[in-house]
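Chain naming follows the written order as A, B and C, and within any one chain the residues start at number 1.
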Amino acid sequence: MTASVDSRERILDRIRSATQSVALEPAQLASAYAALPRTYIHSGALSAAARVELLVERLREYDAEVVECTPEQLPASIAAQLAASGKRTFVVPPELPPAWHVPGFNFMIDRGLAHSEIEQAEGVVTAAFCAVADSGTIVLHHSSAEGRRVITLLPDWHLCILYASQVVETFPEYFHRSPQPPELVTWISGPSATADIEMTRIKGVHGPRFLHVILVHD
Amino acid sequence: MRASLFITCYNDTLYPETGRAVVRLLERLGVDLDFHPKQTCCGQMHANTGFRGEAFSQAKRLVRLYQDVEAVVIPSSSCVAMMRDQYPVLFQELGNEALRTEFAALLPRVYELSEFLIDKLGVDDVGAYFPHRVTYHASCHGLRGLHLGDRPYRLLAKVRGLNHSPLPNLDRCCGFGGTFSVKNAEVSSAMLAVKLQDVVSTGAEYCTALDNSCLMHLGGAMHRQYASMKTIHMAQILAATETSPAEATL
Amino acid sequence: MSHAAVDHPILDPLLAPPFPKAVLPVLRNPQLRKNVAHAIDVIQTKRARLVTEKSDWQQLRTAASAVRAHVLENLAAYLEQFEARCTAAGGTVHWAANADEARRIILDILRQENASEVIKIKTMTSAEIQLNPYLESGGVSVFETDLAEIILQLGEEEPSHIVVPALHINRSQVREIFARRMGLHDLSDDPHALTAAARTYLRQKFLKIPTAISGANFLIAETGGVAIVESEGNGRMCLTLPQTMITLAGIEKVLPRFQDLEVMLQVLARSATGERMNPYTSLWTGVTPGDGPQRFHVVLLDNGRSAILAKAKERQTLKCIRCAACMNACPVYRQTGGHAYGSVYPGPIGAILTPQLMQMQHAQSLPYASSLCGACFEVCPVKINIPEVLLELRSQVVNQERRHLGRFFDPMYLGLRVANLLFSNAWLFHVAQSLGRMGASFFTRKDGWIHSLPSVGGKWTQTRDLRGLPGQTFHEWWAARAKEAK
């Protein structure tokens, strides 16, 4: 679009002339950025056990259901969660560990399922990239064990399996774990919610209304 | 200790009893107090309404007037905040180097009354006696402008006979805001109504502050609504003693 | 409409009445004032608790402020970097100098897509450029998907807050709107039922409409990524299900690096809704094969922003991350709600942003819509000194207006000129005090108080009395005392 090309130059020119007294040369930009004050807390001070305890507490505050188990108990724990949900059909990402496909349920493996097919699933089971205890946040980078964004969106019930070793205390610690910026991220802090009507918090508007977490003590 | 009193234009005109109380209080504490007869206004009203040139000329006048004094005491937190927050900007934009230097030399010697008592004189017990229930209105300029912190409470805590009832929603503005109170009179009045509810809810006999401008606003509404309480500047509480109580207020 | 108890024009600063006039219908509407005060008191209480909990809150504010200031000072470099990375990742970047151009770009894209319908994530920037009416007149049906925005769209209401746009509407008013527009006559006013109704209403639209429009909370220069912060999941629906995504973002929305989100996300949710973290934050980068929209456009909007950037003191306005903490903390907003500001950006940030976006040609009353109490500055997570900018804009307004002859005899202007003359000379000031005392005595009643004054003074005495002027000023007392002592 030609108009847009002209506008590009026009806008950038206006910005450059507006900032000419303060803008830095490209060579200086990176060092000026590096010198910005970052005196906030980077690393947490909690023990591993306390960190996990904090995450569990914060997740529960958001109305997420959390159960804890050992690696050996995981398949049984998954089966118990799925059974308790009363649901039968679950969509799963293509590289969910085979051991998590517990018998007795229908798993639809997402190898490019249509939205209408995912919409038919009653739940979804995924892994996660990590979790942040301080804010009770589950982080998905949408790898092939975490699944495409749509599978954790359309089903009403989400079971997320998280290892204690994946839990960090602070938000900055997560960013340190992720030195290469990811292309896709979803930060999930509790189930979908709104407070648009009289500030009354209502769980579940469009995203999954039920978030379950199995925390595996590895 | 020598100090010079800047009474401020509206205290001089409308609330001379506050000035008299400051004199009594500070002289009792051994301060050699002076009063510059040529003082008028700090320029706040003009600055806050957008009349920057006028504000600058008043600011310049004030700095010249006080350049030789040891300390300036001001019983009005908003006027002190004007000097700390707005003078540097005015002098930067409209002043010259000589003026900026003069102002920079003066600024550390400018004290709000509670700062002067606590920080400069190092007293929190000024020997006052005021046997009444009082609530303290922190005022936006005292709270967020000057960060007076616990100074006013320390002073009130040492006043014999005084019973302090904390004010709910302490950090909320009373709605005065200088010319805001007439430029946006309806909103200002709505804010005042909310504030007055909080003040009255304390059950205090007096609402005090370190700024008569908020008290003029609150007191004006109290009188209009026949409220069973009054306003009083904290200087008048601190000046009161058993033998010489506070001057009667209207 | 029973719920639309406030008469207000569409939120266009060109048409809006001045603030002191615009507040009048609001102040006479106790239901609306109650709705607003309730909502912001809830957010304020939650925010205060969570900010106290964060021991490094001030350090986070310092960092957030520094990053935003750094971006603005080097905006051209970061925008060019964003454009290059976003393009490399499969996105298409458009530049719009003004609202009209942005609207045309977006409608052109929609026409290329043969889109007759579009779903939208809440974006104040699109409200700023009045996108919806333009698209509707261009033959595209627009469906807002944020619960608050649905309430406004179906109720033909205007937003009154930038984070909780329908906070002035209570549950029974929402029930009435939904019952009427969705045909659900048995709907209860339980917020759960109302939310469920919105979920059902939108579900098929999410699945069927292949084109979406969003705003952006942050653009990441380092990667070309875009981040959106939300709660309901309607954002994720719009970002994930359609084939084409159009993001409209102000040019100031850039952050240098992905890592900067570690600061911004921590301060944003706490400031905006009083949560440790909002339920969903999404970040995507251009186009990801097999996941989400396969055609992605970003429209970078100037619309007055570069002019703000040029002014050293005002530049900080653009640090804003639209958290609304300033309006939640503002005692003026608490009384008036948002509509009186005559702009989609209300509250303290609106009072400085709107007049500047209008190049100081309109909205001249907004910089005065503040008692300068400083609460906005105290809570701002990126440390915008709003009172400082308000004062700067007030002086610009005065410099503009005092040139007009009509303003010469305006009581306020006249009074301030006279006052300045009096303050310039103590003798004149003292004469004026004496004259004032004489004048005031005509209005002072037996109780020693003034109950009614003419002209500007009447604005004071409409709700407050004024104590009569005492018989002796302080300086007169001092002089008399000094004489006695001699």
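One rule holds for everything that comes next: a contact is a pair of C-beta atoms (placed from the backbone, for glycine too) under 8 Å apart; a residue touches a chain by one contact, two chains touch by 3 or more.
Computed from a prediction, not measured in an experiment: that's the story for all the values here.
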| item | value |
| --- | --- |
| Chain C and chain B - chains in contact with each | none |
| From chain B, the most remote chain by mean C-alpha position | A |
| Central subunit by CA centre of mass proxy | C |
| Chain centre separation (chain B, chain C; CA means) in Å | 32 |
| Inter-centroid spacing, chain C versus chain A (mean Cα positions, whole Å) | 30 |
| Distance from the mean Cα position of chain B to that of chain A, given in whole angstrom | 52 |
| Sites on chain A touched by chain C in the complex | 1, 3-5, 7-8, 10-12, 14-19, 22-24, 26, 29, 32-33, 36-41, 58, 62, 112, 115-116, 119, 132, 134-137, 142, 148-150, 153, 171-172, 174-175, 178, 181-200, 202, 204-208 |
| Residue ranges of chain C touching chain A (in the complex, touch as defined) | 35, 38-39, 42-43, 55-56, 59-60, 62-63, 66-67, 70, 72-77, 79-80, 89, 94-97, 101, 104-105, 108, 145-148, 151, 164, 166-167, 170-171, 174, 191-192, 194-195, 198-199, 202-203, 206-207, 220, 222-223, 225, 231-234, 236-237, 239-241, 251, 256-259, 261-263, 265-266, 269, 273, 275-286, 288, 290-292, 300, 302, 306-307, 309-310 |
| Sites on chain C touched by chain B in the complex | 19-20, 23-24, 27, 33, 331-332, 334-336, 367-375, 377-378, 388, 391, 393-399, 412, 416-417, 419-420, 422-426, 429, 433, 436, 448-449, 451, 456-457, 459-460, 462-467, 469-470, 472-479 |
| Residues on chain B engaged by chain C in the complex (per definition of touch) | 7, 9, 11-20, 23, 35, 37-41, 43, 45-52, 54, 57-58, 61, 86, 89, 140-141, 144-145, 171-173, 175-194, 216-217, 219-221, 223-224, 250 |
